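Both complexes below contain subunit A, partnered by subunit B and then by subunit C.
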Partner chain A sequence: MLEWLIPAASTSADEIDWLFAVIFYTVGVWFVVAQGIFFGLIFKFRRRPGVRSLYVAGETKDEKRWISWPHYAVIACDVVLIAGAIAVWRDVKQVIPPPDETIRVIAQQWAWTFVHPGPDRQLDTPDDVVTVNELHVRNGTTYEFELTSQDVVHSFSIPVFRLKQDAVPGRMIKGWFRPTKTGTFDIACAEMCGLGHALMPAALHIESAEEHAAWLGEHTAVAAAAAGSRS
Partner chain B sequence: MSMPAPAHGAAVAHAPESFWSRYVFSTDHKVIGLQYMFTGMAMALIGGFMAYVFRMQLAFPGQSVPLYGLVTAREYNALITNHGSIMIFWVSMPVLIAGLGNFLIPLMIGCDDMVFPRLNRLSYQIFFVSVVIILISLVVPGGGFGGAWTAYPPLSASAHYNHTPWGAPLWLLAVALEFVAFLLGGINFTVTVMNARAPGMTAMRIPIVVWMIVIASLVFMGSVGPLIAGAVMLFLDQTVGTQFFDPKAGGDPLLWQHLFWFFGHPEVYVVLLPATGVVAEVLTVFARKKLFAYKTILGTAIATGIISFFVWAHHQFVAGIDPRMAHLFTITTLLISIPVAEMLFAFIATLYGGSIEFATPMLWALAFIAEFLIGGVTGIFLGANATDIYLHDTYFVVAHFHYTFFPIAIIGTFAAITYWFPKMFGRRMSETLGKIHFWGTVIPFNLIFIPLFLTGVAGQHRRIYSYENFPQLSTPWLNHLAVIATVALIVMLAFQVVFLVNFFWSMRHGEEVGANPWNANTLEWAAPSPPPHGNFVTMPAVYRGPYEYGVPDRDLDYWPQHVPNQEELPRA
Partner chain C sequence: MPPSRSSTLAIAALVISVATSGRTSLAAAQDLARGAAEYQLCAACHGDRGAGDESHGAPAIAGLPAWYLTAQLQKFRAGQRGYARGDDTGLQMRPMATSLHTDADVADVAAYVATLPPATPAATLPGDAVHGQALFAPCSACHGPDGGGNEALKAPRLAGQADWYLLAQLAKFRSGARGAHKDDVTGAQMRAMASTLVDEQAMRDVVAYVRTLAPTGGTK
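On to the complex of A and B.
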């Protein structure tokens, strides 16, 4: 149901959206039933002349089941939701599948630097492509990212991937994603990082294999030329 | 304190005479309670104005805000940071814990004052200093602190990053002093309730609201220590350049997050519990019902307090903690829904068989349950670690948070003020104005935060000064929602004028009432309205629990705690 409001463009997004829907319908039923009973009681027991209130302590087992049965039902729902949450979290955050490529994401006040592996699909080779505020990925490829921060805590957020991971200075944090849809989407910083916090938008370009190769070709030529002139 | 039951009017004779000793340097728990309450209400006006300014910026980015002017990114950050800090630390805490606790505890347990009256005065004085410091911090060179109310280092730890060389340390100092004030208050509350109860006020006859304030105080005292240690380290980082939280020198930014949230999440329950206590008192009086399952409610409150110590890292699912740890905190977080839900079930069950009168305090108490349910169910989305990846730091969190804190700090407070106003000032508030204010607050409140659930689910992050740079996240549809929320906020703020008029007009001109205008059972209604210095004309003894409403075979449908069994009651 999240896709009604924002596209889902990664495998993780599908799983998280599924869990969101499960929670939505579970708590939705609770919400409607609880509010229904609540307003029903308010209406039924509004003050009427000559009608006295009942004396109910709610201490006997017989009376208590009015709250203890819902209580057990809450526990049952919690168990289901915990199981769902753990299963999805495990896939999304805990276990990184074997990646096809690795990219490096560097956060700083107030910009994102992305290091893409070049056509050789290896980082730390001369054909790496470094961009600022612009991330290019190939659709259907499993990426691992290495996230670092130069200064304060930032958070690498790609809403269409349902991906969010804080970038913590002094640590390299790994994560992954696998795009499922081409297009251009927003990347944002989600953790307050100072005056320019709103000035950290970056563009995510999810491209087909051909488009991506073309883009890489353009930039590796430049990168190679730059590397050549340095040596 | 525990002088032997004073003779008629003896305590009154010792009441301080001059204006200063009576209202400013008083040690009377009622005066201190009202000092906290009025200070909190004044701070609420400031915090509300801040919300108005930054919501205007979000709805109409880059345009001059009436009564304020242009909002820069620096000012925006300072406004959201201090709105959050002020509303939690200088409104919710002083009104719900310190204000109500001070005013109510001695009256409801039947003693003449707190057991440490001068400690109590010191608590308010320290609190007052913290108020002055937080207000000064808004106008120093560089402006107020803008690193969010969570103050994550390294941003908060160095002016090199946050560009608020004065604002950040002053903010932290104010928060730390505020904690000291409430530590003193919490000690006082706990000791008073343990030692100064009226004869016959056994543990199971203590009104729920008093229990709730005591449990909240214990939770506060248990959780605040680590944060005070963290605050000292952060203050040293800011001022003398120690690097406790700077990884470049071997420090760790995540350490602060753990210390902060170890306090920060129990803090939610510290303010929730007193508000639920208020709701319990008001529900029983206006439904004329015994509280459903008193002991169960007490048990859920204690369970909530204990579990609240084990949920803190659910704020840090995506902060870089070990991914396996997230499972544990998902389990504890969803578990805490169990006692809180059960408490609400018991409140709803209390309505069964009642004779419900829709007086203003009752409307607020009922609204608390209806609105808090929304806050409760939306919390599940955030407590489940996997959905939190997406929703973390979006407006969904903001909306969820306000659906818990608004019922607590605003709706709960209005329930308390409208209910105890006759006791505080000896007069009634206007019911008509009270109902206008109620609907003018509750309807716009929903129109503010339901749109924010949607913008959050659509991917908008909080704390972003302007969405103009995000093509996908600033669609016309999302901008419309932002405008709706802002307009609703302005309407809601405007209706608060009705409350202020009602409050101050009724203080002087409201209909005068006797000791027990609501026909309630608890001991504060045995004291005159307003209670004199020393509270009770004759120190009360207690003969039964606090919620004996609608007892069969009695003429009256209430049975005050202090009325001896044999004495009363012309039987039918």
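On to the complex of A and C.
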């Protein structure tokens, strides 16, 4: 449903959208039912000539069930929603599946640096590719990221992944994603970090395996040095 | 002496011609009032009068010629400056330049900054100015013997710039954090020159000499 507004491009996005839909429809149904009953009763017991108003204390059994039955229903719905939320939270944030590759994300005022592991899929080797403000990932690959900040608190936000994670100076925070759709999408900072906060966007390129290999080929440190251009 | 009728008329005619020429005339193409308004953002780091601020790593920009200011702002916008990992100050300046949305915004703020009187930042680094003078000889071919710059060669005025900034830029040219972008032609020329300064001491000495040169404002 959120996809009507913004594409979903990772497994986590699908799960979060599912949870969002469950909450939306559960609450939506109850909202409509409750408002229907409410306005129905207002209409049914509206003022009529010659009819005296009645004082209802809400003490008899058949009066009380107007409160207690919805109450049980709310508790039942809550259990379902909380169970769903815990399951999604566990998948999205708590358990990092075995990654195919690890990338490093470094936030600073006001730019993102990405360290890609390069063709050998290992970080801290000579073929690592370091870029500023552009992240390149392979579709269908499980990535773990190591997020740090060089100065103040930033937040690594990728709307199409429904991902948002604070970057805190002095800490390395891990997370993960698995892209499911190719294309170019936005990365933003979602935590006020100074004058340039609104001006630190980066681009996320989700590529097919072939496109990604081609990009890596052009950008390994060796190739970049030979071309004498920026990484 | 009370103004004569004819001089009042002449002033009125001048005012009208300036007011009506508007953006069609080249001389009036930059809107200083808009530039001054845009400069509010820049003042946070470069200071109210463009004198620079070492604590922000922000250079003195007051009175630099508009052509140089425009060129650098466009490089920042295009990612030809402030592109490198580790270039923290460049990465801070870059989004400030991208916040200027159009070429007219850039032209306006550059025109305004060019009107500010050049600052004379205090010395912060030791260096041997006598040795530096010898090292500066090749530099003067482009930057001028007085360090006043040369528009034809796109070389900026160096005189009156803060020593810590000049040193930092020379180091960036040498490391490739500035001037190494494939589309940055003038940066590449300066990169070659920076590599002739063999070590940190040579850079400090040449900077110490540049510090002895008095800044000249204007459009040189």
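The rule is short, and it goes like this: the second predicted complex is superposed on the first by the 205 of 231 C-alpha atoms of A that agree within 3 Å, B and C clash if a C-alpha of one lies under 4 Å from a C-alpha of the other, contacts with A are read in each partner's own complex, and residues count from 1 in each chain.
Quick note on the criterion: contacts are C-beta pairs under 8 Å (C-beta built on N, C-alpha and C of every residue); 3 or more make two chains touch, one makes a residue touch a chain.
Note that the coordinates shown come from a computational prediction; the quantities given were computed from them, not determined experimentally.
Novice: In this superposition, which partner touches a larger number of subunit A residues, subunit B or subunit C?
Specialist: B
Novice: Quick one: classify A:Leu216 as touching subunit B (first), subunit C (second), both or neither.
Specialist: In the superposition, A:Leu216 touches no partner, neither subunit B nor subunit C.
Novice: Could you tell me if A:Gln109 is touching subunit B, subunit C, both of them or neither one (first, second, both, neither)?
Specialist: Touch status of A:Gln109: both partners.
Novice: Applying the document's definition of touch, where does A:Val130 land relative to subunit B and subunit C: first, second, both, or neither?
Specialist: Only subunit C; A:Val130 stays clear of subunit B.
Novice: Looking at the overlay, what does A:Leu199 touch: subunit B (first), subunit C (second), both, or neither?
Specialist: So A:Leu199 meets both subunit B and subunit C here.
Novice: Looking at the overlay, does A:Glu59 come into contact with subunit B only (first), subunit C only (second), both, or neither?
Specialist: In the superposition, A:Glu59 touches subunit B alone.
Novice: A:Ala9 contacts which: subunit B (first), subunit C (second), both, neither?
Specialist: Neither partner.
Novice: For subunit A, give the residues common to its interface with subunit B and its interface with subunit C.
Specialist: 109, 195-196, 199
Novice: Can you tell me which positions in subunit A touch subunit B when the two form their complex?
Specialist: Those residues of subunit A that touch subunit B are 2, 5-6, 12, 15-16, 19-20, 23-24, 26-28, 30-31, 34-35, 37-39, 41-42, 45-48, 51-59, 63-64, 66-67, 70-71, 74-75, 78, 81-82, 84-86, 88-89, 92-94, 109, 151-153, 155, 157, 159-160, 162-166, 168-171, 173, 185-186, 188-199, 201.
Novice: Could you pull out which subunit A residues touch subunit C in their complex?
Specialist: Listed in rising order, the residues are 108-111, 113, 130, 132, 150, 195-196, 199-200, 227-231.
Novice: Spell out the residues on subunit C that touch subunit A in their complex, using ranges where they run on.
Specialist: 41, 44-45, 79, 83-85, 88, 91-92, 94-96, 98-99, 176, 180-182
Novice: Quick one: in the complex, what on subunit B touches subunit A?
Specialist: Spelled out, the residues of subunit B in touch with subunit A are 73-74, 77, 146-148, 150, 152-155, 161-163, 246-248, 252-254, 287-296, 318-320, 323-324, 326-327, 330-331, 334-335, 337-338, 341-342, 344-346, 348-358, 366, 369-370, 373-374, 377-378, 380-381, 384-387, 389-390, 392-394, 454, 457-459, 461, 463-467, 469-473, 549-552, 557.
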